[in-house]
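Letters A, B, C and D mark the chains as written, and numbering starts fresh at 1 in each.
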Amino acid sequence: MEDKSKEVKPAKKCCGCGFGPFLVGLVLALVIGWSVIPAIKLEEKKQPIQFNHVVHIENAGMACEECHFIREDGSFNGLPNTASCAACHEEAVSESAEEKRFIDEYVKKGREIRNEWLVYQKQPDNVFFSHAVHSLERCANCHTEFETTQQFCNICHLDVASTTTPPVYKENRISTYSVNTMKMPECEACHANPGHYGTTNASNACFVCHK
Amino acid sequence: MQRRGFLKFALGGTVGLAASPAIWTTLYDLAYWTQNWGWIPRLQNGEDLSVATVSKLDGTPLKVRVVDGRVINTSGNKDNAYSAGGLTPLAASEAQLLYAESRIKRPLKRGPDGGYAYTSWEDAESILKKKTRNAQGSLAFLTSDSSSSLNDIFSAFTAENGSRDFFFMPSDEQAAAVAWNTVGGSGSLGYDIANSDCILAVGANFMDSWGTVAHNRAVFKETHPTGENAEQAIYYAGAMQNNTAVVADTWLPVKPGTEEIFLGAVLSELIKNNIMADSSLSALASRYSIEEAGKACGTDTEQMKKLVSALKNANRPLVFAGTTEGQSLGSTVHMLAIAINAVLGRINQDGGMVALPEREPLLPSAQRYSDIFARNFVAYSMQIANGMANAPKLLFINDANPVYALSKDAQVKECLAKIDYTVCFAAHWNETCAECDLVLPAAHGLERFDDVYTPYGSGNINWTLAKPVTAPRYQARPVGELILALADELGLSLGVNDIPSLLEMRANALHADFKEYLESGDTYQEAFHDFSVPTLNFMPLHSKQAKAPLSEIALHTYINSAAGNPSTGIPPYANRAITEYQLQDGLCVAQMNKATAQKLGLADKQKAVLETKNGSMPVLVRFYEGVMPDVVAVMAGLGHTGFDRFSVNKGNNILEITQIDMEAGSDLPVWLSAVNVVKG
Amino acid sequence: MDYSKPIDNALFPKGCERCSFTQFSLFMLIPTALLIWGVIAAFVVLYQGLGTTGLDDKFGFGLWITLDLAVIALGAGAFFTGLLRYILNIDELKNIVSFTAVVGFLCYTGAMLILVLDIGQPIRAWFGYWYPNVHSMLTEVIFCITCYCIVLIIEYIPLILEQRLFEKNTFIQHLAHNFHVYMPLFAGIGAFLSTFHQGSLGGMYGVLFGRPYIFRDGFFIWPWTFFLYLLSAVSAGPMFSVLMVTLMEKITSKKLVSWKIKQLMGKIGGTMLIVYTIGKFLDSYAWVNDILPRSGLTFEQMFTGFVYSSVWFYAEHIALVIGIVCMALPALRKIPAFFYLGCFVTCFSIVLNRFVMTVQALGIPVMPFEEWRWYWANWAEWGAFALVLGYAIITIAVTYRYCPLFPQEAELNKK
Amino acid sequence: MAHFKDFAVRYGMVIDLDKCTGCGACMMSCQAENNVAPQEDAGNKLRALNWLKVYRLSNNKEYPEHETVFLPRPCMQCGNPSCVTVCPVVATDKNEEGGIVSQVTPRCIGCRYCMASCPYHARYFNWFDPYWPGDLKEALSPDVSTRPRGVVEKCSFCHQRLMKAKDKAIANGEDPLALPEEAYQTACTEACPNGAIVFGDLNNPEHRVYELKQSPYAFRLLERLGTDPQVYYMSKREWVRRLGDNYLGHEETGSPERVLLNNSH
């Protein structure tokens, strides 16, 4: 007690220990902050069916638009439903175990795959995202950097076209959003950009996106 | 470790964390977490369809939105010319009624202890089979929806079992049919509201609860273009400024029970104003006078004179009578209404009163409506209850709730008690189910094939198909199919194998394309063509003794069409549509004007007790100058004990204590109650 | 160990007598009971939702908002006395400034406690900072109140540090010392923040042009309403502190602050009251003769029945006049009876003002076909009030017992 | 007072009160369209959550001079909304073409300042968590997010329908800012069997509301407060029009001597 208070009284020059503790703390915190915490925040989930895009595109020669297209009424058909898969997969067309499982579990039981598929960019209920308006045609007027629609889609979406098994779905334990879900600041990157308004009507008004 | 060392360590840590995204991203995650509460239902996307059908509650053509197989909501069918896309409040709640808690999930059997227990369909069917066999010849059938072609199956089934006791719930339709029959009219009575340019509706709340409401209002929409002049004048005569009165050009107050005197006065005034009429009618008219009516009905004589000249000068006037809650006033008022149309030369004219060809039974043993309407359930029930008639061994009740809808006078409970075995087909658990031995889950209107054929109030032959937009939920089954199956079991051949083919028979009878109408949900309409003027005989009216008007205060019951009907209970969303003037603090509101209240010594917003010959109930007094003097208006449709949380604990059932008298001659029930309200 | 003294006397401020620990504990039962009631109410409200209160869609604001506004006005003694003491160097005030700080601290933390219950999504309360709307008066209020609350905490800390417990601890002694050194700075910040939110609290109502009863525009919103609310606070604040001191004197049967200081506070408050009253009367005049006719409404239409009768409107104004008479005339002010009456009616007028501005303003039918509606706070809402009351009494009692709250106490009570 | 930009498109209603029977079809369809949770006891009308509420108006005369009119009250989507400027967290705003006052409930903290500011009582608070007993939640529309307890909500002119209409227009290469009248109609407008509600773009001469709002019988609620509503009413009866606003005894209906604020279109 006594000597410490002596030591304190001048209270001007630093004690002997130097910057050691500071650095230790700094490094430790950086490690935790950058890697540990983000890691424990995420929960990994598996898709109900290990869908193989490559097979469908290359072997079956399908185009993206056959499954992912904008409907007459302007709404977006993001995922094919069991029925449209069954068009080809009523019976097994390959030896794939996953295909067999799909036919047994979904086609035969009439279970809707669309309701179980984990959407990487899933937006919460209060968001209305219009695929119709975010089209290459409209954006290409100014944004000449995109050649293909696929390229364009990959701005927001994972490039799954070249995957033989679906990427792992990572869900934030706190917000329950997928890591790939665009957050409002990312939307605002364009929407809050005054340059867009007038040419695209992409205002940043609440009711442009929220419902 | 020294304090300062630790402080430095902590400082370093803080700086480090601040320099990492952990804190900031976590804050955002928290923000998102606070925006999506886990226990609030999430939305489900899916295939989004719009299916056309028709509401079996009130015949409103519908577009039903179905997402991923779930029924989301109902809206009017814009492609349907008959309703012009209009939607009634009741039809708007179809989706909620489909999923309501009050849906009966499985067959229920009443045990010896009076309690109900779930049972299997196999068991239920074997019971039905056994009971029907044993009942041989002593079977009765009660249903409420007269517009359905399925009635042919039910009446045929009844007949094939050697009985003719097939009944509809009492209604304006029945009273009018009897009246039309009595004056020698043929076919069924129709009202060409669409083409009339001047309408007098006596009692009939045709903009909300009488007749083909959706169509009537589509006509109003067309004849009253916003911002332009109306092409149709509407005169409404009734006890209260109700939904029809507020949009009518003139409201003529008429005290309940004096509709006959009012119509008689109109008739006599018309004849005074040298409208040609045969001697029999002139003689009849001489019984009435405007002055007398002014006293008895409480109507302003000047207004009546204006009305009469309006009818006289109109090109296509139309007069009809009815009630606000679709019950019965007896046949006399209808005969007088017919008489007025007759002297105006409006029978079988465009925009007049028309004799529609009576519907031909589709099945050999099905009964004619004219015969069915000749029997009325109230009389039947009373006789059985009083032992004046033998109780049937077996009673089927389909989609009807007499225990709730009919007053103590009808003695329905006593009647049911006397019947050996009672079976109730219902989609929702109602008050009548609770009195029956076997309760069977019936398919809801959106779960079955059915149709709406020329409902009462139509001005032409019209027909709309109902189709299932979703599979029956729980263990519910369409009653039509059930009866057909039962008939099959019993080895009876009704002449049709399933409902669609019955409906197809209807289509063929009308020369309409079944598939097309099934698909489009459109309404088949047949323009009225038989303009031959029938010769009518109004002598029966002479024999009638004019009913003496009530000296006391009269009860006026009305319904809020949003608040459901006796078979649906109060739909979930309707609670918000029931106003403070109808239900407040759990009490039915008794509306009356200040003069009446002063007579009774009551103050506004005061708790009181309403008394009739049949009993009493607590009410809350609210002043409303839109109710005529000496009348107390109370909303019917409250005070349910069946159904679900949205129906119970809401006021009392006024219908229970209303008074029913039998009309001399026709023996039809007449609703008319003297009422007293005392401080409670 | 001297057994004639309470067992915890080692912790008492120097030279101060305190009642026995048993007696103290018994006294504490009262606020504890209030606290328990409050905690139950708070739990019910937070767990089941605000439906458990007497509030409804017409009265979105009720007892709680009234209380918030009232206590924040009454708590203004803190910043104002601080301002006079530290910035304007009126030295005598050092004898009461720490007490006013504690009162202020309790008023503000109490208000925030209630606000947490009052908003439907307490867990989103921080959105006020995260996604602020700069146009909203409420944003400014949220911001200032929370910041000022921190200032009050800082002003409270030295009191605790001066506890006998820490006598020996030189570090804490230094800390306490430094706090005192920097106090003028905090006092300044506090004064700045308070001035703004006291004003914007008035603005909060003044901008509601859908509510003719409280709407003000043009000159009468800025600067008028702004300063009216500020003035009402600075006049009632000091007087409220005085009343509280006197109440404590009654309870402890000790002299805590000299009559001279009280008079000074009263004088200051009185002076402010004169300015406020003039402003208030002008404001009311302008409201009756300009705002109302422009809204197509008459003075009579603003009142009905007893709860909404014009009695309150007049009472509010008359109370102010009485307040002035008692406080501004030295002759009367020197008479304790009039002095305390003056303090009381002033606080009364301010509280009443906050009530009518909140509840009556919402009860009035603005659409001609509406009816008057009534609102009664229920047990849960009063419970929240009890919560704050209990918490305040406990805090102040403990502080008084163990901390040198009143520098003058020792010598004022010399035997 | 913040100033709101003039919109090229301003959606609005003209409601003909002489045609309203007060049946409540609009209220029913509104609830179903917008995922409003049913209320077991809506007896206390100050706690009954109605985006659209039907009022019963009276000329306050005694029988037989008495007259009744029903008045449906959606959100007025004010041109100068008193609610928007007061919201501390920008949960409500008026910033999108169409001039609909937006309410984003996940942002709302439930302070109810907006409710205190709205003279039409068009804003409602979720006093309890919403509850869909039994299977009622099956009928939830995928277009409107559900709201938890403790947030304020209000009529949005069924703007989810506007979003869909715009998408459809875009998909078919049409201009989403020049939708034909029938492309976007609110649930209540469609429901009303009497056609009492006319809905459309107040700025677009091809929409009926453009003409109707200029009728001598047209009026708006509490116009003199300066809220500048986008909902108009019509009635041939003067007493009805007079009930639409507060008038001093000597003032003539429709032409007050002075107004509180002046921001009318």
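We adopt the following convention: contacts are C-beta pairs under 8 Å (C-beta built on N, C-alpha and C of every residue); 3 or more make two chains touch, one makes a residue touch a chain.
What you see is a predicted model, and the numbers here were worked out from it, not measured in a lab.
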item	value
Pair joined by more contacting C-beta pairs (B-C or C-D)	C-D
Chain whose Cα mean lies nearest the overall Cα mean	D
Chain of greatest Cα-centre distance to chain B	C
Distance from chain C to chain A - Cα centre to Cα centre, in angstrom	50
Averaged-CA centre spacing for the pair chain C and chain B, given as whole angstrom	61
Gap in Å, rounded to a whole number, between the CA centres of chain D and chain C	40
Chain centre separation (chain B, chain D; CA means) in Å	31
Junction residues of chain C - those touching two or more other chains	121, 124, 127, 130
Touching two or more other chains - residues of chain A	75, 124-126
Where chain D touches two or more other chains at once, by residue number	48-49, 58, 90, 106-107, 129, 143-146, 148
Contact set on chain C toward chain B in their complex	121, 123-124, 127, 130
Touch list for chain B against partner chain D, complex	34-37, 39-46, 48, 65, 67, 70-76, 78, 83-89, 92-93, 95-96, 98-101, 103, 207-208, 213-214, 217-218, 220-221, 224, 226-227, 241, 243-247, 253, 300, 473, 560-562, 571-581, 583-586, 593-595, 625-629, 644-646, 649-650
For the chain B and chain A complex, residues of the former touching the latter	1-2, 4-6, 8-17, 19-23, 25-26, 28-30, 32-33, 35-36, 38, 42-44, 46-48, 68
Contact set on chain A toward chain D in their complex	70-75, 124-126, 128, 130, 132-133, 201, 203-208, 210-211
Complex contacts: residues of chain D adjacent to chain B	14, 16, 18-25, 27-29, 31-33, 36, 38-43, 45, 48-50, 54, 56, 58, 61-64, 66-70, 106-107, 129-130, 132-148, 187, 190-196, 198, 208, 211-212, 215, 217, 234
